[in-house]
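The structure appears right after this line, and notes come after that.
Chain nomenclature is as follows: A, B, C, D, E, F, G and H, assigned in order of appearance, with residue numbering initiated at 1 for each chain independently.
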Amino acid sequence: MTRDELRKLLTDVSEGNIDVGDAVLKLKSAPFKDLGYAKPDCHRGVRQGAAEVIYGEGKTAEQIIGISKSLADEQRILITRLDSAKAEEIRKSLPLEYYENGRIGVIGGMSEDKAGKIIIAAGGTSDIPVAEEAALTAEFYGNNVLRLYDVGVSGIHRLLAYSEDIMSANVIAAVAGMEGALASVIGGLADCPVIAVPTSVGYGASFGGVAALLAMLNSCASGVSVVNIDNGFGAGYLASMINRAAEK
Amino acid sequence: MTRDELRKLLTDVSEGNIDVGDAVLKLKSAPFKDLGYAKPDCHRGVRQGAAEVIYGEGKTAEQIIGISKSLADEQRILITRLDSAKAEEIRKSLPLEYYENGRIGVIGGMSEDKAGKIIIAAGGTSDIPVAEEAALTAEFYGNNVLRLYDVGVSGIHRLLAYSEDIMSANVIAAVAGMEGALASVIGGLADCPVIAVPTSVGYGASFGGVAALLAMLNSCASGVSVVNIDNGFGAGYLASMINRAAEK
Amino acid sequence: MTRDELRKLLTDVSEGNIDVGDAVLKLKSAPFKDLGYAKPDCHRGVRQGAAEVIYGEGKTAEQIIGISKSLADEQRILITRLDSAKAEEIRKSLPLEYYENGRIGVIGGMSEDKAGKIIIAAGGTSDIPVAEEAALTAEFYGNNVLRLYDVGVSGIHRLLAYSEDIMSANVIAAVAGMEGALASVIGGLADCPVIAVPTSVGYGASFGGVAALLAMLNSCASGVSVVNIDNGFGAGYLASMINRAAEK
Amino acid sequence: MTRDELRKLLTDVSEGNIDVGDAVLKLKSAPFKDLGYAKPDCHRGVRQGAAEVIYGEGKTAEQIIGISKSLADEQRILITRLDSAKAEEIRKSLPLEYYENGRIGVIGGMSEDKAGKIIIAAGGTSDIPVAEEAALTAEFYGNNVLRLYDVGVSGIHRLLAYSEDIMSANVIAAVAGMEGALASVIGGLADCPVIAVPTSVGYGASFGGVAALLAMLNSCASGVSVVNIDNGFGAGYLASMINRAAEK
Amino acid sequence: MTRDELRKLLTDVSEGNIDVGDAVLKLKSAPFKDLGYAKPDCHRGVRQGAAEVIYGEGKTAEQIIGISKSLADEQRILITRLDSAKAEEIRKSLPLEYYENGRIGVIGGMSEDKAGKIIIAAGGTSDIPVAEEAALTAEFYGNNVLRLYDVGVSGIHRLLAYSEDIMSANVIAAVAGMEGALASVIGGLADCPVIAVPTSVGYGASFGGVAALLAMLNSCASGVSVVNIDNGFGAGYLASMINRAAEK
Amino acid sequence: MTRDELRKLLTDVSEGNIDVGDAVLKLKSAPFKDLGYAKPDCHRGVRQGAAEVIYGEGKTAEQIIGISKSLADEQRILITRLDSAKAEEIRKSLPLEYYENGRIGVIGGMSEDKAGKIIIAAGGTSDIPVAEEAALTAEFYGNNVLRLYDVGVSGIHRLLAYSEDIMSANVIAAVAGMEGALASVIGGLADCPVIAVPTSVGYGASFGGVAALLAMLNSCASGVSVVNIDNGFGAGYLASMINRAAEK
Amino acid sequence: MTRDELRKLLTDVSEGNIDVGDAVLKLKSAPFKDLGYAKPDCHRGVRQGAAEVIYGEGKTAEQIIGISKSLADEQRILITRLDSAKAEEIRKSLPLEYYENGRIGVIGGMSEDKAGKIIIAAGGTSDIPVAEEAALTAEFYGNNVLRLYDVGVSGIHRLLAYSEDIMSANVIAAVAGMEGALASVIGGLADCPVIAVPTSVGYGASFGGVAALLAMLNSCASGVSVVNIDNGFGAGYLASMINRAAEK
Amino acid sequence: MTRDELRKLLTDVSEGNIDVGDAVLKLKSAPFKDLGYAKPDCHRGVRQGAAEVIYGEGKTAEQIIGISKSLADEQRILITRLDSAKAEEIRKSLPLEYYENGRIGVIGGMSEDKAGKIIIAAGGTSDIPVAEEAALTAEFYGNNVLRLYDVGVSGIHRLLAYSEDIMSANVIAAVAGMEGALASVIGGLADCPVIAVPTSVGYGASFGGVAALLAMLNSCASGVSVVNIDNGFGAGYLASMINRAAEK
């Protein structure tokens, strides 16, 4: 149920076109009718625009197909955290494009739009899966994405070689594990918002991404904010929000 | 040294107008000449535009005055984490406006600009100092700010009463301690980026803001990112970046 | 040994019907005779009424059958944390009903009683196994249970659609992982006790349920208390206690 | 605004007695008109019945007086975390009863009601302030309270001496710091819900109450749930909810 | 090299029977000659008496056989953390007795001695492997051991039934996971040293034994000390030390 | 109430000398009559022998005097965590000996007994207050104590100079902050039980004693157990238990 | 691109031999041309001298072969964290020496150089894989390495037997899990820098190496610094840096 | 007792110039005779050369004077963590030079030596006290020190301006709080060992230096090791060891 439909319903109540009991009934049933036994998962906040998101982890291929079918007529669908085995099974029932690097599946095609400029920067090659989740999400929502991978701070010249790109972006996602210093260095170079994405890459005292997370939260550069460890989707979605607002 | 000056310097090198040794010398000395014994603190990343930020905590009134005088001719100055005793002392030497609620001092006046729409929402009255730090920072940088205070999730109707404001903002900072649920609920209502600011308000298992921080990092709403505990300035500055980009 | 039997024994001592040595002997041996090599597990505190609980995790099918047989004549039995493989094996020896969603097995049948009103609310589909453990436990003990699943706070309208149910319950269990905000929002809407159940659902900085646990402990809503991460049984059992007391 | 008033308002909308715009206006302004610059603090969820709660910590005496005056005509008021200096100052303006042991202030008098039976048990003498906060809260809401203090598990006979009281209560709050074992032992003896309250009493590896908190969350006794460290009010309020429901 | 041999060597140096260089050489080589490529593991501190300990975890069957053969002529050997597969393989080469419950292997036979009285108490059936490691270790070193299993505090009467045993022991090991309250309750009943052994049994906020560990460290009973999580051997060895000293 | 009195009471019940109701009454009131408004603190487990312990922290001088007077006729009293200001005030009413180094007060005199041999070893001079608490406690209970202070492992020769003392003790308490390695090194040298006492001495990543605590729990030496951070009393009391048992 | 090449490029810019655009182009492309789809991993900081490091974990054999081939003409290659299965596969394409104990692969041969003296000391046999990673890394870079394994502090005499070696080294790596005391004891004996390497060896409260890490950070011996848990490579590389500087 | 004296003593034993008993006696008493009631504190490992270190924190001015007088004839003394009040008091008895910035006192004068090149780099002005502790310590031991303060990574150009200094140092200490990224960036630029010093500067999720500590331990640059939070002395002392070895 869109917000416009909701607004109409309330006006109908006030104008006596529909009585309170019926309105309540409608309100209760509306959002659930199209999904059946399951409702779209936690990424579902993404209601605006003609696109729906399914969080693939912990769902069977069957469940994903069921949810997708109930939605697929009206909108494009993004499926995150999708492994290749499930992807193959879904492809038997639905026209799925699968991007293995970012564990992303798409039904209804990527957006043709390529608005503005988002940079997805990754510290090391091991951070690429999370970075790709962010990059593909941003592309799905119609953004122009520039990937800068393997630009960790221990070889600062590689990052500096891209200074002009960094200074011309609308928003940057800095994806890094280990010591997570990438976000601070980019934050010091850029004029735009920087979304820091800690990854669980590392060993020993990296504690599954906690070291990077803390470093990013404590960044002394202004304009840096942080999403959850390995949350590439969240970074890509937020980057899209900011980039598209800047291009309006 | 602005980016344009930097670009010019490098072109001069390439055109032989200046030799490498001199360029290096200039590069080294330039950013430090105006400050003397101290350099602007960690919020200083904020170089763009005609404004400078001084992080007041751990600096004496004398140090703040010294830094301010070296800067004050050219630009407006924002001083964060400034207690009232220091503020009073600074006022003897410089025309300081002091905002006690947010522990913010301003030299050179607030911006006259009131662009776009930023909402600063706070869960409880104890979160107001952090929220005010964010709100005043955003106003200092020329943004239109709407304050929604005391709208914590345990009385959800108070928040819902502002649904339309929430839906029309360019960016929202959700400031909350204790369980930090405010960010998720607002994230579910809003179409724009939400900057979550955990505060150290609470007791027992709030662990000085850690409970709120973790809740916010795990928000199941899309479009939410997080800054450090009690980092009102960071939220206000980032909100300004996003809001002003959206209004361009 | 029931409390009535205990009281009788003590009176017998005082009246000289039994001497101290014999009483001590009886006291020592009584509670162990019926179980053999093992004694009912940690959920066994549930002695009142004609029902016994076996914590299935870490026990072999054989051990569960052994314990059950020593008990099954006198009372109904609830087996928690029971996987389907063990369930199948037990069914060969005993008339077990198995509820896979909540990993619950029942011998002697569910209660016919459907007293009062307990709501089990779950934030997302991944929280359902824990929610079902709570719901089935409550039903086993003779309570009327209403399930509200997939009502996470990032889409607050779905929860509000059930406001009247929430306001008419005797007790509510709020089951949620990730940021755990569900408990606070429900706590703000309800007039009855709310039992918060953090789940280990999430990734990154959810730390296996710690983020949700802390959020729930810090809930600013009154009337909220918390059980261990993933402890659906504990919530269902406590909800039954409260609901049945309210219906007496 | 009471729930009955709310229901009436919605019906008025549906019957055309009031139009949507006006209703929204009313909804927005109503809950705030009586409080002025501040709104009642986080314990304020306690709206039902004729009583209001003010969380005293971090508020000045003036603020507490201001809030109290706006409320005092209609309802009794409970003020928690109130130190004696502020209490004395408030007493100059308002008829405050002050209970120093539990840092509780009451305006409008304790309840005359003494329903049912709540036990507040405390492990050591240092836990008494938290236990008193719970006990006085419960008495304020009209419950019969039995205090069992200094019954820690290292001298188990003292606790067992009260077995009959424990077995006849409607609900028990077990208040303990250090190793927090009191909740498990009482949980094993009682037939009713046990609310465990960890306190910050202890040193070294008690980590300000974390050791007790974890122990209580892991209690192997059924029917035990936990509130935040030192949250006496929360335990007393929840105990009142359960006790009064049982007595209805 | 025994301490007597060491003393002799030093006297020889002083008497000129051996020169400094030779002494140093001897000192360096002596302790390693009998073991070959490996030296006995970390439990090896147990040099006194005719017994050696091998920590089996992380060693192959071949390594254990190699070490054992170099030692077995002179002394009995205790092998801890030994799984059944390795045990079977070792038995092909050496006369090993294997105790599966406690994952303990013995070469050269248990001690015939049964001195004094050690109680090994365990909270639940899941704690038995750790308890057995402690009990078998104590028996290996010639102590009389009484096992009290499944005496967790949620059914306090079962523990109290053994009050006299508890009061007559020389030393008690209290083995418990979850909330670890067993150590405090036993500590309050006993007159002798209590060695608390937290186990990793539990789920959720038990954090692999941390909850029990903290509870035990904070025990308000006097005479309680703690060993590492799941360290049954350590408890058994220390109990033997104390018991045998008391019986001397 | 002593155990002999308890045994007598139960026999009286069985012989009809006293009826059940009276016995219960006696059981309930007996342990509380001699203390008035307060009961002896958490160290009170120490009931055996003619000595009582009062935990001084968080008690006023008045409270300590009150408790002491109710006890002082019958037994000697040990007061721990007593600062010098309170000590002075108590001395006005009672014949208190005060030992400032260990913050210990004694009423009724130290024991004349000097049984066996306890070593209290401390790593650095900052650990001395905790070490003294242990040493004085042990002396109060009639043990012969040898103090080895400032024998930290960074200068291992100082510790080795005392090898013979270490090898002849009945029990050793190893008191150390920072890295807590002292316990392992002593544990490797000694044949007797070693009680490790982590202290809160240190800075940075010592986390108030946690680093030392963890090191001690993980000691690879056998025969080492651990008490709470800064718990000198606990170590001294336990050492006394072990030493006196060995000397019996 | 070497630093000399970089210096030349900048001089060329200044002398007009190359224009700014071309220089920028060169700067951007140069470091990447030889590697193709991937760039050398995080150990790659090691650019000086004719050697390159590949971090093997998380890379496929194919990727390692690809990177190696692009480098192997010019320099020797060290591959860390390489398991035997991948090693075998790489050996089909490239002349790899494989050292299983330290999970190290080498292409182009070990260094013939054996400069100075590095000691690698390990506490227990389980620490050997990490110690070997350090030792082999140091040998690869041309250092003379002395291995002292199984010299844990619980048998201090074994370590002391090597006092002279310890006193004559240029640098020592102390590798230890569990309580990590080895670093402090060696630090107290040695005159040279000690690099402490915590390992994840241990169980229970060792928390995967955290206990050892904290102990080492808190070492009271001077001259001790710490690398990440299990970071044998880091210790070996740093030891090489220090040893070779001392031998210059 | 110096090592030469020790060697002599052992030779005397071997040559019969001194008998074993006397040697033992000498060994025991020697290191303690010169200090009286106290022995030099934990930094005392620094025995080599003619200098002694006293850790000032937690010692009274009197104690420091006492220790200093017993040493001052023979050697220069470095006193760390010395506040200005104590410094003033000491100056009345001894010729103390006091350096307030680094809280360092020196008796016997700074070294005249200025060997090699050590860089002490600090991220922000708040890190200067720790950096000065390191710098002054290094100067005390006769090293040439270059200070680079306020070169945090959020303004990377300031650090790069010193690239040549960084590349020519023998050893660098990188002192930083907050996100601690400075160590990684310097580690990537330098060819020499980098000692990372986390500081407790920061707020919120910096957790008193833990965020910086973790970031530094996880540095992806080679050649970086870490000392305890705020341990400027440790870094300065270790830097001196490395620098002086390189200059030999």
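One rule holds in what follows: a contact is a pair of C-beta atoms (placed from the backbone, for glycine too) under 8 Å apart; a residue touches a chain by one contact, two chains touch by 3 or more.
Please read all numbers here as calculations on a predicted model, not as lab measurements.
When the C-beta pairs in contact are tallied for E-G and for B-C, the bigger tally goes to B-C. Look at the contact of subunit D with subunit F and you find different residues on each copy: under half of the numbers used there are shared.
If you average the CA atoms of subunit E and of subunit H, the two centres end up 42 Å from each other. Per-chain CA centroids place subunit C at a distance of 26 Å from subunit D. Computed centre separation for the pair subunit B/subunit E is 58 angstrom, with centres defined by C-alpha atoms.
Counting partner chains per residue, subunit E has residues 42, 45, 124, 152, 154-155, 178, 187-188, 204-206, 210, 213, 217-218, 220-222, 228-229 touching two or more of them. Taken in their complex, subunit C has these residues touching subunit D: 3, 42-43, 45-46, 48, 53, 167, 170, 187-188, 191-193, 195, 213, 217-218, 220-229, 233-234, 237-238, 241-242, 245-246, 248. For subunit G in complex with subunit E, the touching residues are 124-126, 150, 152, 154-155, 157-158, 161-162, 164, 178, 201, 203-206.
Interface of subunit C with subunit E (complex): residues 24, 27-28, 31, 38-39, 41-42, 44-45, 57-59, 198, 200, 208-210, 213, 228-231.
The touching residues of subunit G, counted against subunit F in their complex, run 123-124, 152-156, 160, 178-181, 184-185, 187-189, 202, 204-207, 210-212, 214-222.
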